[in-house]
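Both complexes shown next keep chain A, but they swap its partner, so chain B is in the first and chain C is in the second.
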Partner chain A sequence: MRRSVSIAGLAAALVLGIGVWGTGQKGSVTSAQEKMSTMEVRIDNFSFGPVALTVPVGTTVIWTNRDDIPHTVVSTDDPKTFKSKVLDTDEKFSFSFSKAGTYPYFCSIHPKMTGKVIVQ
Partner chain B sequence: MHPFDIKTVLFAKHSQHVVLIHFPIALFIIGVLFDFLAQWKKQRLLAAAAYYNLLVAAIATVPVVVTGILAWQWELEGQKLKGILLMHLVMGCLSTVLIWVVWFIHTRTRRKQQEVLPGYRLPIEAVAVVIVALTGHLGGFLSGVNGPG
Partner chain C sequence: MSEKKKDELLHDHNHDGIDRRGFLKCMAWAGTGAFCVMKGGVLNSYSLSRMSEISTADMMAELSFVQISDSHMGFNKPANPDVVGTLKAAVDKVNGLSATPEFMLHTGDISHLSKPEEFDTVDQILKSAKPKDVFYVPGEHDVLNDDGKQFLERYGKGSKGRGWYSFDKKGVHFVGLVNVMNLKAGGLGTLGHEQLEWLEDDVKHLKHSTPIVVFAHIPLWSVYPEWGWGTEDSAQALAYLKKVGSVTVLNGHIHQTMQKVEGNVTFHTAASTAFPQPQPGKADSPGPMKVPAEQLRSVLGITDVNYVQGQHALAVVDSSLA
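Take a look at the complex of A and B:
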């Protein structure tokens, strides 16, 4: 009786251990996938960084305003592929690129601020 | 980019609002300076110089306000403003009103052919200069005059 209880305990511990390990593995795979599919552009000191960003199709680009000044992210094409609202400090804007191509953009408040996303 | 497209003319790389704003600021500040000097030195010539500077400053606010509102409506699609942009808008409107009030006080005195301008105009002018300077400071901050390039 005691032996069967200890075997059951071991089995439970094993199942629990595998479960925890599996969850950890799944989590790391998910975060790796997330890392693969999102890229960040930092807006700071009146510039986009990096100015040119190359990403695979399906990537979501997140622009974060780290400047003290409000900025926008607006594509230069017509009609606009993407256009953010005014981003205050620490506000973000994201856009998913589903088609390959070059997407130049600028800040409509400061038109000298330009950048581009190259989707391959 | 079409050279005769109205949006291109107004916003091509340099928003005209940013260019035009310097005229009312300079004219108003120098007009107030002349007015203070005219009050101190009791000189009609300085008072006349003050009047014409204030007149042109008031007129110059019109295209500035129009281009500022157009920039908001066209470039930012009239979205609800907040933070520095909202502060700049509110102070810009207040500055415009104060510039016109100062001009109105001067022109009313001239129309009535009164010799002496009311003394209360001087604190109004001083406050207006401060508000105009603060609005300009916010505008400069927004336009990135201290930024690279």
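Take a look at the complex of A and C:
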């Protein structure tokens, strides 16, 4: 978890750096990019919301468990691209997507819960 | 059908196995409770309100055991902030049964988060139960983070594979199955090839007259696949049990009592000792259901099972903690 957070920080710094580099051209685009650097997925009522999330390369996605029951966030590929520990209520997991692609994932405790992150 | 017979069901298993009317009538929802006796392939089902009409002979059992399930030690949300208290109440209920059960089955989700102290607490509470032996199968909450290693170390001594095993008691063959490991995205509970092969071999030499009790955490029948309440390859497991005259399947996981009869098999799910879950499809999700505090113990419970030797009967009785 801690490692992922520091990666998130790095990613944010990178996006900021790019923003500074391009100063004077399109300030509004810069702030939009800053906002895009992290995206949220809520785990609520045994489902991921949004089920499919599309993000730009470099985005850190943060999952938050809002249920009274623990869940996990595990990619369906093998070997696993990402795999959270068990998230109890209000616990978070984050992962930074550095490569374009489609990343399907599920809750390994309640496998009917599935979602995907599309990185462009 | 006369008024007196209203709650009684006579279901002939000697025909094609599935009687739709019987199937529907023998489903018991949380709080209603059912008592089922099977004799020579005919299942008699009574509501608990008519228990007094059942003869003493029917109640006399050679073997009596209790199923408890889903104690979720460590759970502390509004649906039940005191899972220690309700598990203790379940033990009191067991200790208060007229015939002391020989042993207990715990059908999984012993802990909420697989923490050592959660297992320790349950072990400690169950020590005060009159039956000293407890047979466990894991729920998905018991195998978090470590692929079931801790569960096997604590409860799986002498078991095969990822924790499955069988044993015999007074002419009844018991099989504990594990269907909470290696779950696949989008799927249900899974037994897996290795376990199925073991099961086929385990029951191969049983006589037709030997009753079998199969217990596992997730239901071995399709209760509500939309919520993951079923097991992908349970049909294969049940196919191996077709030659046996009487099969009783005991599950947990869905935190409510439910019963179904199909051919030679009676399926039964137990209440939780921790918190109730909604009826299939009656809520947005199967999460913990909050009921008024004074009603909580009426939707939690234990299951008492009696086998009457020579009568080919296994009787399943649910009791709430209220």
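Just so we're on the same page, the second predicted complex is superposed on the first by the 86 of 120 C-alpha atoms of A that agree within 3 Å, B and C clash if a C-alpha of one lies under 4 Å from a C-alpha of the other, contacts with A are read in each partner's own complex, and residues count from 1 in each chain.
Simple rule for what comes next: a contact is a pair of C-beta atoms (placed from the backbone, for glycine too) under 8 Å apart; a residue touches a chain by one contact, two chains touch by 3 or more.
Because the structure is a prediction, the values reported are computed rather than measured.
Once both complexes are superposed on chain A, the partners chain B and chain C clash.
A simple residue count on chain A separates chain B from chain C, and the partner touching more is C.
After overlaying the two complexes on the shared chain, residue contacts for A:62 are found with neither chain B nor chain C.
Of the two partner chains placed by the overlay, chain B and chain C both lie in contact with A:46. Touch criterion met: A:104 reaches chain C, while chain B stays clear of it.
Contacts of A:86 after superposition: both chain B and chain C are touched.
With both structures placed on the common chain, the touch criterion links A:118 to neither chain B nor chain C. Within chain A, the residues touching chain B in one complex and chain C in the other are 45-47, 69-70, 72, 85-86, 88, 108-112. Per the touch definition, chain C reaches chain A in the complex via residues 77-79, 112-114, 140-141, 144-145, 183-188, 225-228, 284-288. Interface residues of chain A, counted against chain B in their complex, comprise 45-47, 69-70, 72, 83, 85-86, 88, 108-112. Of all the residues in chain B, the ones that touch chain A in their complex are 11-15, 75-77, 79, 81-85, 141-144, 147-149. Only residues 45-47, 67-70, 72, 76, 85-86, 88-89, 104-106, 108-112, 114 of chain A touch chain C when the two sit together in their complex.
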